[in-house]
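Next up: the structures, one after another.
You will see two complexes here that share chain A, one where it goes with chain B and one where it goes with chain C.
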Partner chain A sequence: MTAQTRSADRLASGAGQPAGADADANVKRAHAGPARPRKPVRWLRAIVWIVSTIVVVAAFWSVDISWQALLDLPQKLTRYLGLMFLPPAWEAFPDALSATMLSVAMAWFGTMIGIIISFPLSLLAARGLMPAIVRWPVRGVFAVLRAVPEVVIAVLMLSVTGLTAFTGALAIALGSIGTLGKWGYESFESVDRGAIEAATAAGASRVQVMRWGVWPNAKPDVFAFWLYRFEISVRASAILGLIGAGGIGKMLVDNIQFRVWDVVGMLMIVVIVVTMIIDQISGLVRVRIISGRWELPIVSALRRRSAGRARREATAPGSTR
Partner chain B sequence: MERNRVNNAERTGASIRFNDVGVTYPNGYTGLRDVNLSIEPGEMVAIVGLSGAGKSTLIRAINGLVPITDGQITVGDVELRGLSGRRLRQLRSEVGMVFQSFNLAKRTSVINNVLMGRLHHTAAWRTLLGAWSKDDVELAMQALERVEIVQKAYANASELSGGQQQRVAIARALAQKPRVILADEPTASLDPPTSHVVMRDLQQINAELGITVVVNLHFLDLARRYGQRLIGLRGGEVVYDGPGSEADESVFESIYGRSLTAEDVLDARPVVP
Partner chain C sequence: MTSITADSPATRPRKPQTWPRTLVVAGIVVALTVWAGIAVKADLGDLIRNGQNAAGTLIQLVQPDYSFIVETLPAVLETVQMAVIGTAISITIALPVSFLASRATNPNGVVFGIVRFIMNVVRSIPDLLYAAIFVTVVGTGALSGIMALVMFNLGIMVKLISEALDGLDRGGQEAALASGATWFKANKAAMLSEVAPSYISQTIYVLELNIRASAVIGLVGAGGLGMLIDKVRTFYQYHYLSTVILEILVLVIALELLSSYARKKLVR
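And then the complex of A and B:
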């Protein structure tokens, strides 16, 4: 008797089966060991798929789609684009630029206030620094602030502070507190535990562990989040202008109302160019903070593309390498 | 701190005594059982055993990172059990620790990492601003000189190789002016030549400064070579306690529960005569 059949014997008798049945089982299962698992049926997944398919189909039929308008769209779009950009109102450029700068200033001011308020709050919300009874209320505040869009915050504040750029900045500040607070405590909690253990083992107090065990490793991420939030705020401030908080959004609405399309075209150009420039500069600093390299985001994107192509060519069949 | 500077004798090693020590984790797992040990001031002790044998638990019990559930540990003249808050931090400040994965704050400078060893003796406002005192910076530089890595003082910790990072970690422990250094598998993430460099550093610190050193080692040849005294753990119990030189093959079999293989030694050659 081989060692394998002997161990199979022992298995079978242990399970209380008659010894005769064991020979058969041994032939079928080449490997004596735990039984192979059956493929699990994922009911929940199937139900989710079916329900979401039904919802999509139902939504498609229930919405009154005007197919004719859809067909007319390309033609109308071309016409309005022509009115806006052929040519844009160049004489409106200085006004457009100063309105955009007001929007950017609104975003900058709002984000700064958001940073100053959210930073200590995110420390209060971090696990390991504060007990749950402090953490959860603060997290609740962050969650509520994130749930309310900046526009709604601004509308709610209108009655108190009036329709000014300051209202817009405050709305952005409140919105920033929600996102920055959450990003802050999440990066504090996700740092490598090693330095925390080392600081604790050296006899550091809770605050000291936070300062030297947590902060050095969380710092680059937190700075990058601040910049990223500024980029978001720039976009949000344009939208806040639409409800009258001043800046580029307000100028846009005013000109659309009076159908001055060439000025609208000029505004679009300025908004898009300024926003992209801010994104690139902010991205440049973020990349520098996190990876230590000075590189424009658009440059790294292009480089990744060409690097990918080079790799594909190098590994292609028939290549000499 | 002041007394340490005045009285050099106080910097020499502390004794460590285990009396019927047991550790049961909250999930019911027994980490240590009935451990009785007496480690003398200035000894260098190597602890060997399989993973899960309780090596890390034993080392972490000495500075209270793992709370003991039975018996008593005495470091110097401080009884560990029941110690908390300021008095526990005081004890920890006198016990330096070196970890398997170095545990540096990677995104700050080497010197800042070493100065983390001074946290217990630093005022809160200095800690927050990173405004270290001149004396502490000098102490940190001396610690870096001892492990021969002072030229990297202002480099980012993440730029260093594994062996360099571990030496920075040793300097951090030294900056505490400790009476005991605990090293938890300090060579497990390093290649063989670097392992010897790190172990020699620990050996010199033990010999020249008289600091008690307790080091967990996975590899038997390292343990025999660097541990004057060898303690074998198996299933949370001490199964061998004696000079490293007297630990022959039968001793290792009792620690490991099997005969030796090439995987148990760092340098792939037989260690047991």
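And then the complex of A and C:
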């Protein structure tokens, strides 16, 4: 007890005011063991680091690659990029656009089917609405559908029903059920409990609680997720084309195989621009759904800037002159 | 008592009319769906006609041939290798780039804008397309797969990390700048350690994505399990196909469990 307080005293004087005759001794003591806590050794962290380093090194060391090919890659890449974009084949633009629209149609149709199927299923999977015996199998189905990559689903579907844009859309639908279902029940479960309690207190049945307690709160999130899933589906539909389901991907892979590089460049430009436009539009609508306000990119940026300027002028009136 | 009547117009606001808006939105959605349905030539009869054909395939599919697993092991190994190497390379490149792509760490508006734009373009190209292009440029095999994964990851990583940087508390950085540090030094000292947890967590996430992606980019010839899928598919060996798909499932789910466990540890 006394020894402890004394040592604490010494410690304080050593760290606080190392002045006077015994300054040297104090400094020495401050650097000695008890004054400074030992740096903790984090074994788990160290082990994880070592293991992951070993895994990465082993992967690099064992993979079957001729790293020589990497050396002349920049040169090759610039050559091919030049072939693609200097200039791209503008005459292929109408075809590229219509093929892209087919891909977008695939994505939209597939997402719609996915929504129609997944919405009731996500209700079945929501806690508080269904008993666990119904919930868990449905969640299991969602998990499995999420784990299988979309392209693999498409490969299965295509081998069953043949290579058309319609099967592509169906593959997208199947692939989107997993994520849509999960997002659905998660947003049903994460709503504010207040409205549910109120509805229950007023004597609502389970369905009525769902309709009046849960749905109005979950609605914006659910709609936003649907749109977001559509954005993902647009990318997925371009990919599905690459394995033969029509649309822009098919046109791309054909032209890559026949090495018509300027058309490939044109197609890539169209794909990128169309995806970006769709992302922008869908993002705008999502913000509108969630926040209830349109956030037009240029308009709101200008508004922010002018608001900032007004604030600066208000705070420092002399600086503008 | 008499003065307060609940349904007198003065005390109760009129319910806003939303049905015209709902109608317009529903109209747009229905129109888009009809257009899309016509464009993809949706035909339910077609499906039913193909049903018999499908039944035979499905019967084969639900009987996976487990003896095929031995033959697939090299492909599984290659898939994992591709995913690990792709992750390692891309996270190394992504760290400095995301510091350039965040407004919180990059004071230079021009560089910021250029990096952001390039990253948007990089992100909007799907992974399989990168794979298709790299396969034609450098040939089939794991190298083109790794490069496709790197490009694919770069877009995701830079977006996630730069958003994490944007959301950080900038006190430490401000202090460093005020004490005369350059932006580089301030970011290194104050922001890097702050963003490290989310950096590691996104690394795990990207590794998870990569296992999934590297299993499929082989479909266009970029090595790994995808190449195997393509092979057995062209020979209609559905017993083998379902084996491979089961393997992908096991891989993906194992990694998903590992990553959710690791991220939970990381948060604590």
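In the analysis below, the second predicted complex is superposed on the first by the 242 of 321 C-alpha atoms of A that agree within 3 Å, B and C clash if a C-alpha of one lies under 4 Å from a C-alpha of the other, contacts with A are read in each partner's own complex, and residues count from 1 in each chain.
Note that in this section a contact is a pair of C-beta atoms (placed from the backbone, for glycine too) under 8 Å apart; a residue touches a chain by one contact, two chains touch by 3 or more.
Here the structure is a predicted model, which means the values were calculated and not measured.
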Checklist entry - In the superposed arrangement, which partner chain does A:Ile232 touch: chain B (first), chain C (second), both, or neither? => result neither
Next on the checklist: A:Met130 in the overlay: touching chain B, chain C, both, or neither? Say first, second, both or neither.
Outcome noted: neither
Checklist entry - Is A:Ile117 contacted by the first partner chain B, the second partner chain C, both or neither? => result neither
Checklist entry - Counting only touches as set out at the top, which of chain B and chain C does A:Ala105 meet: first, second, both, neither? => result second
Checklist entry - In the superposed arrangement, does A:Ile281 touch chain B (first), chain C (second), both or neither? => result neither
Checklist entry - Looking at the overlay, does A:Ala195 come into contact with chain B only (first), chain C only (second), both, or neither? => result first
Next on the checklist: Can you tell me whether chain B or chain C touches more residues on chain A?
Outcome noted: C
Checklist entry - Hey, which residues of chain A end up touching chain B in the complex? => result 192, 194-195, 197-205, 207-208, 211-213, 216-217, 219-220
Next on the checklist: Which residues of chain C touch chain A once you look at their complex with the stated criterion?
Outcome noted: 32-33, 35-37, 39-43, 46-47, 50, 53-54, 57-58, 61, 77-78, 80-82, 84-85, 88, 120-121, 124-129, 132-133, 136-139, 141-143, 146, 212-213, 215-216, 219-220, 229, 233, 236, 238, 241, 245, 248-249, 252-253, 256
Checklist entry - Where on chain B does chain A make contact in their complex? => result 63, 65, 88-97, 99, 101-108, 112, 116-117, 119-120, 122, 124, 127-128, 169, 172-173, 176
Checklist outcome for this item: Contacts from chain A onto chain C in the complex sit at residues 55-56, 59-60, 62-66, 69-70, 73, 76-77, 80, 101-102, 104-106, 108-109, 112, 143-144, 147-149, 151-152, 155-156, 159-162, 164-166, 168-170, 235-236, 238-239, 242-243, 249, 252-253, 256-257, 259, 264, 268, 271-272, 275-276, 279
